[in-house]
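Presented sequentially are two complexes of subunit A, the first with subunit B as partner and the second with subunit C.
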Partner chain A sequence: MDIGPIWRAMLRNKAGFVLIALQVAVTLTIVVNAFGIIQERAGRIARDSGVDEANTFAFASVLFTDYEREQRKVLIDEDLDLIRNVPGVVNAVASNSFPLRQGGWSMGVALEPGNQTPESVGTAIYFVDEHGAETFDVTVIDGKNFTPEQVTWSLEDDNTWPAYGIITEALGKEMWPDDAGSYVGKTMYINDNDPVNIVGVIDTLQAPWESWTGVERSMLVPQRRPSEFVRYIVRAEPGMRDKLMPEIEAMLAASNKDRIIRDMTTMDDVRKLAYVGDTALIKILGFIVVLLTLITALGIVGLASFNVSRRTRQIGIRRALGATRPSIVRYFLIENSIVSAIGLVVGSALAIGLNIVMVEAFSLEPLAWYVIPAGVIALWAVGQIAVAEPARRASNISPAIATRSS
Partner chain B sequence: MLRYYLKLGILSIRANWALSALMVAAIAIGIGACMTIVTVRHVMADNPIDHKNEQLFHVQLDNWNPNDPYEEPNEPPEQVTYLDATALLEAGRAHRQVISFKSDRVVQPEGDGVLPFQEVVRATSADFFAMFDVPFRYGAGWDAAADRAGEKVTVLSTPMHEQLFGGEDSTGRMLMMNNEPFRVVGVLDDWHPVPTFYDLNNNPYQGPEAIYTPFSLAVTGEWGSSGNNSCWKPPEDGGYEGYLASECIWIQMWVELPTRADKEAYAQFLDDYVMEQKQLGRFPRDLNNRLSTPEEWMVNREVVDDTVSVLLALSVLFLVVCLLNTIGLLLARVIRRRSDISLRRALGASKAALFRQYIVEAGLIGVAGGLAGIGMTWLGLRGIENVFADYDFIQYLVTMDWQMVGLAVLLAIVSALGAALYPIWRACSVSPASTLRIQ
Partner chain C sequence: MLKMKDVCKIYRTDTVETHALRGFSLAVEDGEFVSVTGPSGSGKTTFLNIAGLLEELTSGVYELDGRDISALNDKERSRVRNEKIGFIFQSFNLIPELNVFDNVDVPLRYRGFDAKERERRIMSCLERVGLASRPKHFPAQLSGGQQQRVAIARALAGEPRFLLADEPTGNLDTHMADSVLDLLKEINEAGTTIIMVTHELTLADRANRNLFVRDGEIHDEPPELHLAAAATA
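The block that comes next holds the complex of A and B.
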């Protein structure tokens, strides 16, 4: 069929088609940008924290009675002894934080001693003993785990940092970007002037802040800290977590009445809470995309139905002159394709424009190359589906209409 | 005349029931999407201390690393050190001054079988309540003398008071925290500023603390801050004493300066103070003090999440699509009514009269769309509440006030009238006899 007559017929009644084309354009703009954001957020959620999330839980012990430093050390040792000996526990550690928790300790590390400069690199700090690696489910890919002799209690009135550290591969890459060899044995400086000897490199252990750009950088520090507030992280054997949580909570609550056990939480819940915003945004944007596509489709149905009823006589005449039903259907499909094509070209330009603005203003990632073409094909298909039913009705108009005068 | 047009409008809406319902629905959905986000943004950006915005100032001093600003490009730290907070409080050069921080404490309720629990406590100097217009139900706050003396007194929020002591006046009763007794001197009336403008660190939507104690008492008791702590160089000595003497920032400071002149004088005083400290070898960076109103401070700390702005942009575009849809529907109606219009024109109706009639009709649709839009906004807010159910503070962000209800209706009417302009213009330009001829 010739596009020419269809195009000229559309020009005689531009307004309705212009409106649909604009709707398609704005819809494409929103849909592809929303999809871009959904993709980015889903990617963030999919990142590995490094921890054996399905089998790990954590809680805090808060002393509210004055204990001497030595008493606090004894309590932590007792607690860990109790926990590690419960059947079903793989390992446990007392630390200051864990991945996805949103709160933690960060320090700047540098290649040279001295005050922090813009060149120093930020890293998350996890204070652990030699059980840390197994509890956090990290693999030492180079060097060794801490030996018990390397792990020390922090000293009162002494801010010096331990001389050993295990770093993530990402932290090593950030510190020595040009160095292809092993990071083990290298020295970096923390707390301005304290040297850290790298004894091991681990694969993945995220920092506690999922929204931080340096989230892959963390360091295990072999120090134990006898404070009133201690976080315990426990890794259970598969399937044992839910049984162990109340058991261990009751056990520790009973073992010492001068403290409270609180913030008992699974890593699954910690992850959920960390990504509430991202998950919600994905749902909201998904809803917007579906609703908007539906509204635009309804607009197309409306215009097509209106055109069918307005052109009833003309369609009857065409039928009487020998046009087949498929050719009437094809007329509406082609008409819709033309409107969609114009809208989608304009929409692609708008989508790129909006994306550039959003990348600038909100530091989002630019759209992947295939998102716009995919959106174009999808919306074109939606338009064709929307117009199908009115077109079918048009093709059912009887040729006899032509003989009736209105 | 307006009455007649209203009647005509209602008749016409009734005659084209389905088409009108579609238009109302399109406007309502667009308004609902838009207003849901606008409402959340409105609550997030709300300034709970608007009436004192010109008199309250957040204090920042730049004691940071000479080689590296606290935040690019040259932002001073968002909190102050203990050294500076106490020195400025002691100097007392503002009308009122507040230094405060939050700390985790364990509350031990009376009675057997009631378990102790942890609570965030705000340790603050005495002016907090007067400065931020905090209402009291019973008793009052403490005075500067009590603060200096480190008296073990405390002020509770109404919910905390009810949880611990039931409904009766609890002033004079004792509250145990970390095995130390505190005398209750005051109970706050309902007070729930969102965001908590006086401390925007961590989560400012969680609402205010439920327990307040004197600042100096907290320091004597060596309480740690449970908010942000940042240091650009390690404390020279260990322990709590070393921490107090360090360049670490962890205290929020506000001053009340009733007039412009007061503000200028105080800014000068801060500059002088920092210059003096430079003599002692502190403050290695250039002079960079700052006084911000609550409004300025919230903008600076980006209280409104970027995500909300992205959603706002998308929801406005969403409304545009809904309006394009409405324009299309109105246009269809005009074309259908052509013969009607040309007949009326032939009988002597002026273009202006037709314009007035159709604009009234569009206004009616706008009002209906706005009312339905309020319902849609309510649904939208419930949806937001649902997807953010894991945030326990979400309920405070999804409330609609009359301002928002009014804005919804206004936006709907403006949108409907805007959408109607082109179709009405088309209707008015129908020539008197054109359609009659065909018939």
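The block that comes next holds the complex of A and C.
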């Protein structure tokens, strides 16, 4: 091929080519690392919270009149009864929190009593009744859901932890990493010395904090808490959510005038809020990737156009000596491939270096093996596309230019 | 054989129509050394461009080795240029970024010869023009005469049947011009047909046949200009 003479000719006019190669190198370095971050964040956003998000909504009932503990229990029972009987409601539960909410309850659990540190494992706690599993749309993959008898009201002066728990598979794996068998029937300790007997294992139910490293570790606790502030979670039948939200709000507001219903929100909105930072970062980095690629492409167009103008006569001479139009186009494509190849080799090394620094400094995941090769191919293609039009113009230069006076 | 019959070339712009060649007819036999002279703007270069397939004719017939050239597409014209025609230009037209070897190599690469064959031809042609010791020199490191010799080597490397020379000595001093003409003569004697465009009548006389172009028309007899010039010489 013509690489030899093209390369030797480039060495006689290095400056422009070196600048473009550097631009390609820097672009590749930034683009692949930005893409790595985008990929990581997109992966985080794509994680399953476990909840039937499209059909679930939540709200709070806040009492502004002093109710006795027993009155509060009655009100919660009445509310849940009303909600569960609305046509279109799959199920509902009163709980302290739900996935992605950013606020919740966490505890340390350990294999031995009184020995919470340093071996204890953190887990999110969701206080629910036997309707919790269905409302959260979690599947009990081992063991059983809570029976109504296992669910108790919390006591005013007794902090003893309920004796039963349903844990996520991730929590089980963290607690018993070497145990391939069932977690059902095992005991762990919470609150220093309170034993929790595992009655069931569920597939996925994220903790309320999406950025927590232990986000997949959660435990359903069969306890109801009669406070003035109660958070209800409602799962609707597909397509019914938006109709039910105002309906249930109005119904509960009318059923008891001593409280207000507030913080009505869909799980979709909760998700948007939880990942607003990640989404913004993806957009900003995506914009930077596009902008840098565009600037590099324009640089390549500029250099190629300059070279076509500078070499108009030379191109005419080549045509006179027998170059076909495609061979003139090929000349510029090969020239661009050489510049790109140098930039992409340097850029690949820089990208790996930057990634190592970023992994160490920001605890990011290392780039997937295919990101750099994909970036190399993409930027090479961008270069070829960018150079195509100036090359086409060059190929239209008349060979007759060779006989004109210089 | 190169044959033109009633060839016309008209350059058109929005407002002007210029007849560069009018009913141009000639035949050049194999092995001839033909000079084409004429004043500036007479159509010499247009004739050379059409003969060398650098431009398309507007009307008429042009046959090269019995083949109608006007019917060829761009790719075929490029191929004919590359295989049958060698060019020598007034301003040498070497590629400044390429050394002597690579410059002579340019048409051979378009021809598709392998590296070994290209090297053999390049070194043989450089030897013939007396520059075999300078393959790594760049054009800027050579004198005008040497640059024109490189251009001749480049034109010869493809072993063309026709050599078209456009004022080949126009940028050279008398001594260098003589040596280049001697070389062309030698090439012609070896069998290559040469058509040389020049405005210098003394150089034109070195050819076997002289043609005269005026106002886009060809004359076998010297016009007054030639007679006058000859009288004062």
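Note that the second predicted complex is superposed on the first by the 404 of 406 C-alpha atoms of A that agree within 3 Å, B and C clash if a C-alpha of one lies under 4 Å from a C-alpha of the other, contacts with A are read in each partner's own complex, and residues count from 1 in each chain.
Note that in this section contacts are C-beta pairs under 8 Å (C-beta built on N, C-alpha and C of every residue); 3 or more make two chains touch, one makes a residue touch a chain.
Quick caveat: nothing in here was measured; it's all calculated off a predicted structure.
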For A:Pro148, using the defined touch cut-off, is the partner it touches subunit B, subunit C, both, or neither? Pick first, second, both or neither. neither
Per the contact definition in the header, classify A:Gly181: touching subunit B only (first), subunit C only (second), both, or neither. neither
Under the stated touch criterion, which partner chain does A:Gly302 make contact with: subunit B (first), subunit C (second), both, or neither? first
Partner chain in contact with A:Leu292 - subunit B first, subunit C second, else both or neither: first
Is A:Ala323 touching the first partner subunit B, the second partner subunit C, both, or neither of them? second
With both complexes overlaid on chain A, does A:Thr403 touch subunit B (first), subunit C (second), both or neither? second
Contacts for A:Lys272 in the overlay, against subunit B (first) and subunit C (second): which applies, first, second, both or neither? first
Could you tell me if A:Leu364 is touching subunit B, subunit C, both of them or neither one (first, second, both, neither)? first
Touching A:Ala280 in the superposition: subunit B (first), subunit C (second), both, neither? first
For the overlaid complexes, name the partner, subunit B or subunit C, with more touching residues on subunit A. B
Subunit A positions within both the subunit B interface and the subunit C interface are none
For subunit A, which residues are in contact with subunit C within the complex? 2, 5, 8-10, 12-13, 313-314, 317-325, 327, 398-400, 402-403, 405-406
What part of subunit A is in contact with subunit B in the complex they form? 15-16, 19-20, 22-23, 26-27, 29-30, 33-34, 37, 62, 64-66, 115-118, 120, 155-159, 191-192, 229, 260, 262, 272-273, 276-277, 279-281, 283-285, 287-288, 291-292, 295-296, 298-299, 302-303, 306, 310, 354, 358, 361-364
Interfacial residue positions of subunit C with respect to subunit A in the complex: 45, 48-49, 52-55, 74-75, 78-79, 81-83, 87, 89-91, 93, 95-99, 102, 105-107, 109-111, 138, 154, 158, 166
Subunit A contact footprint on subunit B (complex, rising order): 22, 26, 29, 33, 65-68, 104-106, 108, 115-118, 177-179, 232-235, 237-239, 242, 305-307, 309-311, 313-315, 317-318, 320-322, 324-325, 327-329, 331-332, 335, 383-384, 387-388, 390-391, 422, 426
